[in-house]
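Order of writing sets the chain letters: A, B and C. Residues in each chain are counted from 1.
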Amino acid sequence: MNMIVCIKQVLDPEAPLSSFKIDPATNTMVPVTSVPFVISPFDEQAVEAALKIKDAKGGKITVISLGVNLLRDVVKKPLSLGADELILLEDPAFIGGDSWSTAYALAAAIKKVGQFDLIFCGRQAADSDSGQVGACIAEILGIPQVSVAKKVEAIDGKVKVDKVTTDGYEVVEVPTPALITVSNELGEVRFATFKGTMASKKKEPIIWKPADIGAEPAKIGAAGRRIKTRKLFQPVRDSKCEIIGGETDEDKAANLAKKLVEVKLI
Amino acid sequence: MADNKGVMIFVEVIDGKLTNIAQELLGAGRKLANDLSEELSALIVGSGVANIAPEAIAYGADKIYVVDAPLLKDYRTDAYVAVVEKVVKQVNPRILLLGQTTIGRDLAPRAACRLITGAILDCIALDIDTATKQLLITKPVYGGNARAVYSMETLPQVATVRAKAMTALVPDSSRKGQVVIVDAGLDPAAIKTNVLQKVVAETTGIKLEDASVVVTGGRGIGGPEGFKQLEELAKVLKGAVGATRPPCDAGWAPDTIQIGLTGKIVSPYVYIAVAVSGASQHMAGCSGSKNIIAINRDAEAAIFKEARFGVVGDWKKIIPAFEAKVKELQSK
Amino acid sequence: MDFDYNDEQKMLKQGAREFFEKECPKSLVKQMMEDEKGNPPELWKKMSQLGWLGLIYPEKYGGGDGNMIDLIALEEEMGRACLPGPFLSTVLLSGLFILHNGSEEQKKEILPKIAGGQLILTLALTEQSDSYEASAVSVEAKAEKDDYIIDGTKLFVPDAQIADYIICIARTKKGDKPEDGLTAFLVDRKTPGITITLLKTLAGDKLCEVVFNKVKVSKKNIIGKLDQAWGPLQQTLQQVKIAQCAEMVGGAQRALELAADHAKKRIQFDRPIGSFPVIHHLIANAMMDVDACKFLTYEAAWKFSEGMPCAKEIAMAKAWTGEAYQRTAAMGHQVLGGIGYTLDGEMHLYFRRAKSGELTLGDGKFHREALAKELGM
């Protein structure tokens, strides 16, 4: 199975809110203290989904990441887990885009990679939460898509997917090549073994520029945006919390019960 | 190229009725249509769904487009995107809204891409920019830590709307509207998706989205046994149990009760957050709650900034004592 | 000069951090302090599956061919996590000693099993005085045909209570100097005559009294050369000290972070306490202390991995780190105030481990002696 996984490097979404502030000039969140970079968590699940299939059926996993200042110890992580190849679309012309211009670039890179059976994407990125790059890549490449998968099984020429629904899941089958977006319901991601980590030393990332993938400059990055960001703001949290006290935890609990009954909440 | 006019709502149907989110979308769409002085239409796609039209009109639509075919019984991306493409090219709405649902999050981006326009998913506010008549779309970003306002020049402007973000109109059965039947025009050979099975997780008791009291456990619960305690408390309070993402990821609670940015959205009257830190991803799912009560051993936990009442302490001691006192007070 | 880990080491370190955050929460650490065995089996198994137990061993013995820098990257995260368990006693003290001194048969028999998480070993060196001097070894091993009879008491032996084998350093001959005539014996725990008593320690580390009452060991179980264990033992201890320092660096780093985070959030006297100059100075002192430990340790590790002499660097790293870690944890308690005093918090875990880290494998005084000798005094 030839598989492709798209990953995005983001500022650690687990970092405390106080580490960020809004830059009104660029309408982006910028770190005020040092915040580490990580792979967007749902993208890690996408890598895991591909690895599970490689475990079961063998194959090759090509990881693609678009961005600038891509830290090698961040984006090489899938290699340490068992992915085979890393391609970086690393160029300022690629960035500042929306879902469409980003998907357009990724799709062009995928076309250059060649034959593939499955593409995996995270369901949404931890910073933009836009949730559309996967579907757009699938549309551009003209292949079926299944969104928000919790389980993926490759069968000859087809893929069977458990997709998350509001009150359970649906089992859906599409022919390959296909694109799957992956959600955290897939389960826990694996840790790299020592050998796997050291082996990634030998896998140098391949860097592609817009000309390498035949991307039209007007369609990539900021130039290719359809969406305009008007404003970025943080909602003001304005609530006063009444802390219910007591000598012991049990006392506090009893006092809370009394208070809630008193204000008719229960 | 025809002028794009009007607001179109892709409505979903469940058990022969409009879903709650569809009703809310029609309410939001009605306001936008009024602001634009344009028409509000509803697009109903499925099999055996034509009878929804009167309800959609009662909830605010002026015109109903019905695409009814056996091939459309189950949602399949390829079929529905083709139908949406056909109807949108026929009707040319200025705005197309869908619910941020299992269907919406799959259909909207692909349809927008096919229509060479843009889409914004999971929005919580919609306004018309009077200067440009463009739709101003507000959605949570950075895991819910911030809000972004977007717009686009391409048409139609596509957005999916989060549950409970908008308000449905009071249905008015005296409203009049027009029904237009549109032929699906689908080639069965072109539809490659097969829906093999639909699995509904068994829910005992009250459904999470409908409960007026929700008791949610977070990472601090430490294991599945803790959730049994929360279930007991929920029963006493006649509510439902929810979970943040870490307990679901760890397998202590089923994924279907995950409340958060990518989980369920709830807005109960009382939301009791037990050993929940209050991270934005979670708050995105419950910030609509009328009264949040927080129980956490960390006095600095973010949840206390969102709560109306809080107790700082060990939930293992607090919850049993709380339950006992509530039972005692209830029996009086 | 590039003082940073390489990309792969950074991935290893970050992966270890995430792993321990998930698999070794502080609640488990506290539980293990009270637990008699002190080594959660699931955690040990997972670490072996990730190749961490065999990291420093050559591949032909089931290891990962890692070097000292790879090891200390992992050790920093173990220190941060307050990882319980016999990594030091089994993988490092015992495993490295066997790797560098054992027969091919001993290496093939034992090292893959350590890497695979199947064997626990420890090294019994110190006695009543808890001294690391050769003169402190009084446990004797008397020859009797093809065996040796070991008699005497070892004290503060780490993890003996769960060990399958104990490497006992015993006196086989009275030589000119106390360093002469010491031999290392690989003793099966089940051999008759061994009594192990677990001590209750400040840091919850599992130190034991091991009484050898006429314990019979075959001469085949000697590791290395008869009467000549001291030199090789010192070499192993030197290597292990570097790892021990890296573990302390990780703990000190975390203690500093906890204090700094708290200072930024805690509001008293109408402002974050981190806005007061006194707190600035406390934190700044700790930052200098932590960086000093870090770079002394890194230099020792690098020189060791390059095969360069590094006795001075190791002595400095050990002397400094053991004390700096304690200063940092004490500062942490000061900054955390009341909340840091309760056992609910984490700071005391670092405070305790700083003390035990200082004492393990020789304290500051011991290593100052070693340093002075480097300058010919």
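Assume contacts are C-beta pairs under 8 Å (C-beta built on N, C-alpha and C of every residue); 3 or more make two chains touch, one makes a residue touch a chain.
All figures in this text were calculated on a predicted structure; none of them were measured in a lab.
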TODO: Kindly work out which chain lies most centrally, taking the average of its C-alpha atoms as its position.
DONE: A
Task: Pair of chains whose C-beta contact count is the highest in the structure - done: A-B
TODO: With chain centres defined as mean CA positions, report which chain is farthest from chain A.
DONE: C
Open item on the list: Suppose each chain is reduced to the average of its Cα coordinates; what separation in Å results between chain A and chain C?
Closed with: 39
Open item on the list: Could you work out how far the Cα centre of chain A sits from that of chain B, in whole Å?
Closed with: 21
Task: Separation of mean Cα positions, chain C and chain B [Å, integer] - done: 54
Open item on the list: Taking the touch rule as given, give the residues of chain A at its contact with chain C in the complex, in rising order.
Closed with: 18, 72-73, 76-77, 80, 191-195, 197-198, 200-201
Task: Residues of chain A defined as touching chain B within the complex - done: 13, 17, 20, 22, 27, 29, 98-100, 103, 123-124, 126-132, 134-136, 138-140, 144-148, 150, 160, 163-175, 183-185, 187-188, 226-235, 237, 239, 241-244, 248-250, 252-254, 256-261, 265-266
Open item on the list: Touching residues of chain C toward chain A in the complex: what are they?
Closed with: 6-8, 10-12, 14-15, 18-19, 49-52, 54-55, 64-66, 70, 264
Task: Of chain B, residues touching chain A in the complex - done: 76-78, 101-102, 105-106, 108-110, 112-114, 117-122, 136, 139-143, 145-154, 192-201, 203, 213, 237, 245, 248-249, 255-256, 261-262, 264, 269-270, 280-281, 291, 293-294, 302, 304-314, 317-322, 325-326, 329
